[in-house]
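In what follows, structures are represented as structure tokens.
Two complexes come next, and they have one chain in common, chain A, joined by chain B in the first and chain C in the second.
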Partner chain A sequence: MRPLFALLLITLLSPWGWAAEPDALKSPQWEFVHKRFLNGEPYQFDGKVKVEAPADAEDSLNVPISFQVEDLESIQEIVVVADLNPIPQVLRFRPKEMRPHLGFRMKLQQGSPIHVAAKTADGLWHVGGVWVNAAGGGCTLPSVGTASGDWTKTLGKVSANVWQRPDGSNRLRVRVMHPMDTGLASGIPTFHIENLNVLAEDNKVLAELDLFEPISENPMLSFDVNRQTQFRLEGRDNNGNRIQAEVAQ
Partner chain B sequence: MKSGDLFRKILLASAISFALTSAPLMAAVTDQDIANDATTTNDVVSYGLGLQGQRFSPLDKLNAETVKNLVPAFVLSYGDEKQRGQEAQPLVHNGKIFVTASYSRVFTVDAKTGEELWQYDHRLPDGILPCCDVVNRGGALYDNLFIFATLDAQLVALDQDTGKVVWKEKMEDYKAGYSNTAAPIIVNGKVITGVSGGEFGIVGKVEARDAKTGKLIWMRPTVEGHMGTLDGKDNGITGETNKSWPGDLWKTGGAATWLGGTYDAETNTLFFGTGNPAPWNSHLRPGDNLYSSSVLAINPDDGKIKWSYQWTPHDGWDFDGVNEFVSFDLKQADGKVIKAGGHADRNGFFYVLDRTNGQLISANPFVNKITWAKGIDLKTGRPEYDDANRPGAPTGADKGQSVFAAPSFLGGKNWMPIAYNPGTDLFYVPSNEWGMDIWNEPISYKKGAAYLGAGFTIKPLNEDYIGALRAMDPKTGKIVWEAKNKAPLWGGVLTTAGNLVFTGTPEGYLKAFDAKTGQELWKFQTGSGVVGCPITWEQDGEQFVAVPSGWGGAVPLWGGEVAKSVKHLNQGGSLWVFKLPKTPA
Partner chain C sequence: MKRLLLLALWALSTQLAAAGFEYPLQPQEIAPDTFVLEGKTEDFSKENGGYIVNAGYIVTQDGIVVIDTGPSRRFGEQQRALIEQTTGKKVIRVYITHHHPDHFFGNQAFSDLPIYALPETIRGVQREGETFSNNMYRLIGDWMRDTSVVAPNQEVKLGRENLGGHELEHLAFKGHTHADLAVFDHTTGVLFTGDLVFNQRASTTPHANIVDWLASLEQLLKLPFKVLVPGHGKVTQDDQAIAQTRAYLVWLQTILQQAAANGLDMNEVMATPIPADFKELALAQSELRRSVAHLYPALEAEQLKPAKQAE
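Up next, the complex of A and B:
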């Protein structure tokens, strides 16, 4: 059973000539990133995946990143990886009833390629990326909330804004208070939001997000939603603390 | 490609359904597994090696003859700078060893290799208020979950395979002084827990939740006057308001259930001990102060109290009654067997009760010096107090008359669990000989602040030893043998059909004794004090023993003059695993 299964997989994947294409960012880690976070599945570098980030990060603890995936249908999942971070995986985003756009802030330990890969229904990953230079150290410092001891007072609190974009659709920006400790600072265990879902008023899931350690403290996330103005947020951290909020314009 | 895709999906789907149907069958811990834990030898799935808490294993490969061949198999370091008291009892199931550690941590290792599989570090707020070191005493296994309680009074259920949180429930407000260090137990699908915080004027309670979801089923307060609940509805007040408490003091009455409890399936009864009444100053609260310093027999189905027995009515010495109540068959001379329970109290007496009704059968000292009472009256079931040895009432702003009382508030025996061996018919009690100067001070309740109203210093009673592992005959109340130890004993006991008794010492040894004579047969230096609970099981035809090592607990924090005999002891944090090899090396 098992050898047959493996054989089938290779046959299925071979038409794309997987992992053959060189990375435009010349990331030394690309092979590992492809195997580990894209499950070694077929991919192509694709200009339709646009990633915006400063060329030089001013603050390694808060590097603003945004991406838009244009002209690709039925996107299953989008993965963000900072190849040279000690914890490379940043987030996984499954836009269901919203555009495949996202803005967020992250921690960088050193200058690194930021790869964004969007998987379409045919199983192909479309990959874009930018290189961000950073002074570094972002992942091994204690969060401000942890260092000050204030985190218990605000843990899981949500603030949000909804405003209209020129085309009549809306942008939703949320901030969830959480230390997002990476576990790499001495004596401070890993403590981060694991997932966060955006739901419409009628509980329909608009998008699902898996967040990992490199997301900045008190995560700030911007979504391009449709014309809804009321939302619910539901999530949980790795200690099982729940996040629940309602957003109204 | 389309057809290929479809085929692949079907393959994947069949693989998933295979995993779903087969994996839980192999791994899931059932109510039956827990009910049989005392007799199955290839796993340890409950605190106490069976819910009765006998800590007896029927294994006998390891015995008085072979124990000399017991050798280390592997050791796990808990790492980090958090090397504090390691009081846990490990669990073994499905090829994994699960153990909790100081600061609400959990480690899981491969039972064959000792390699760590996962670790869970609970995120603790800075403001936690544990009274007596940041310990944890163990978890519970149920279904595919490992359930344990944290220092910030949360109950966390982790996936046994990944260590990921499956559910988490807040038990109480840590800012009001609640915390939790005891191992939960699972009874018929319910996870049963108590609470800590008796030094902060909290109100003790026992809670039952759905073990698979964490949803609260019933709650039973342990202080008279408070309302219990069942399925979210009122379920009757505990006791009778103001019957044994004056004024409003019952509202902050303590009686914390901080050591968890045991369960007896034969009578379908939970036994939960309760802590001291708050505050310590007994003159503020005339009356028996029910149900402090007691054992409560509770129906696990609805949380109703079946009976209670108060070890120390109107406690004035911090004689917590939380120590475990261990069900056993009391064999009488005429061949009759009484369903009984044994209990070694902080107050220095070893009690045997009829566990069907709470009637006192016997109460005998298991320590050499008891000053607070002359004895326990078998007719009334009450202590014969020596009033001269109750600390006096404060006058105005001055402290009251100081007295010397024995045992000290750390008890003839503290939290460390006793063991009962049905082969030798003996209980094995890790006891300590110490007394205290104790006096009362004026006090008023403030949320989250210590609520004692007393001061104290602990004093050893002997130059050469404090600890003594003692074998008690429950039929006669006599001490059959004792093994003295310089430092106070603070670790749990294990006994086996191989005529062995295991316990640890603060000096760092895990020791094995002959269960009939008390002769020391084997010891191993673990590098730090052993204050955890040893377990044993069989794996691939070999008998294993495991115990945590790491000095700490209440002694170095509260120990007064005792600190002199322990201050040189080094901290640690590790799990030691030993085995008896098939062919001795």
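Up next, the complex of A and C:
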């Protein structure tokens, strides 16, 4: 009797016991998302992961998503997944010396749950999310740049600015010119930025970002950094084109 | 007996199903010979079938002039039937104020007639009609059954003309879209503004240029109208609706510019509280979210500086 009781107790208390928690957004794809993008690791739905997006997307090519993870220590990685997109994985963000906040825009092929999962040092994924309704079609259209043919002149060009914020952080906004073609539009191969790192002036890595096909054309990113005002950006796309730029206030 | 009962039930159910798609069209006489079918100040839904827009008509001696044909084929057909039955006259021409889907998708019911619009409106329907159509099927469902895109077939001739005892003036503006037609009936003093003016409903901005729009409102104010028919919201006898639309647009432009100058991201701007002046406007918060999506990208880009690229 006693070992059974102990087993029950372990099941209830261990994070593995929670993994059966049903998805708060009732996503039909949650099991797959959990297995594929969270490696089937233990998770819990957690109000500390706050995700913002309009309930109805006005423009399926540019759906604004932002998230903030509050009161969680030692975040290893944050993953964003749009469960019903043909390419569900949107980005992976590893904030090292900045706040675990991010704003960006993405393409939606149809209305979908957007899950944001933050993994803490204990190996547990903390999951938040929202549903976004959309007219859709965002993933199977060619980018404007590719359609008009003028993307080559601006490829990899960075514009940015830094603002001081009342709460003691600085806001860094970055736009990188890139078609971000998904490979799902007929005859146009996948062409997207794969990674982008934000570094301080002294080359210390402040955050690492892996970007995937659903990120909108000419990605616009909002970071909440500490008091720095000078940054370096380094990255590359899947064709090996480098992104290297220096940003100052 | 049982079969007869089933048949009766079937007949009843098909009648009910058909009755489910009747638009509650109630003509309001707003001036001599002049009527408006006033839609709700709501967003598209499967409940309202897209009857969220004002469609007007003028009963002239030569026949009837229709202004805007509503959101669907069903709407256009019911609108035409109602007008011709209640007046005993035929519709002779149609004007489309601009290329948004709630204003022209009833065109199918009038495709045997001249349908006038500004040239850029005709091009807008040709360019974006299919996209609008797909979205409308998604938003209002079966109300759209058998609706397809019929572009206006005549370019409107600007200026005055006398039609069956009504001195009509056709005026070209822009700002709500690239081409916004207003129709002013000098005989009755009725001004049909299309969506240049909203009354007690937040303005929509998917193709808006606010600077042009404000300039157009200044021009509208100079017209000696007695009755104003806004694109959405109640018909008025004064210029309050113009003043309200102008104040809302100025506020919208101001908060978007300030947000961009402060480095805000889109979702932060979408959460801007609606000030007391506009709290009464239908759909204020949801239209603000839409307007951020339409107008913010250009404003935030102005606030970015080219970074130093490594060679």
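FYI, the second predicted complex is superposed on the first by the 233 of 249 C-alpha atoms of A that agree within 3 Å, B and C clash if a C-alpha of one lies under 4 Å from a C-alpha of the other, contacts with A are read in each partner's own complex, and residues count from 1 in each chain.
Note that contacts are C-beta pairs under 8 Å (C-beta built on N, C-alpha and C of every residue); 3 or more make two chains touch, one makes a residue touch a chain.
Remember, it's a predicted structure, so these values are computed and weren't measured experimentally.
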First, second, both or neither for A:Gly149, with chain B first and chain C second: first
Which of chain B and chain C A:Arg105 touches, first, second, both or neither: second
Which of chain B and chain C A:Trp163 touches, first, second, both or neither: second
First, second, both or neither for A:Gly123, with chain B first and chain C second: first
Partner chain in contact with A:Val205 - chain B first, chain C second, else both or neither: neither
Greater residue coverage of chain A in the superposed arrangement, chain B or chain C: C
Which superposed partner A:Asn241 touches (first chain B, second chain C, both, neither): first
Contacts of A:Ala185 with chain B and chain C, given as first, second, both or neither: neither
Footprint overlap on chain A, where chain B in one structure and chain C in the other make contact: none
Complex interface listing, chain C residues touching chain A: 134-135, 138, 206, 262-263, 265-268, 270-271, 286, 289-290, 293-294, 297, 300-301, 303-310
Residues of chain A that touch chain C when the two form their complex: 52-54, 56-59, 62, 64-66, 103, 105, 135, 156-163, 165, 171, 173-175, 220, 222, 233, 244-248
Residues of chain A touching chain B in the complex: 5, 8-9, 11-12, 15, 122-123, 149, 152, 181, 183, 187, 189-191, 236, 238-241
Of chain B, residues touching chain A in the complex: 1, 4-5, 7-8, 11, 15, 80-82, 121-123, 125-127, 156, 164-168
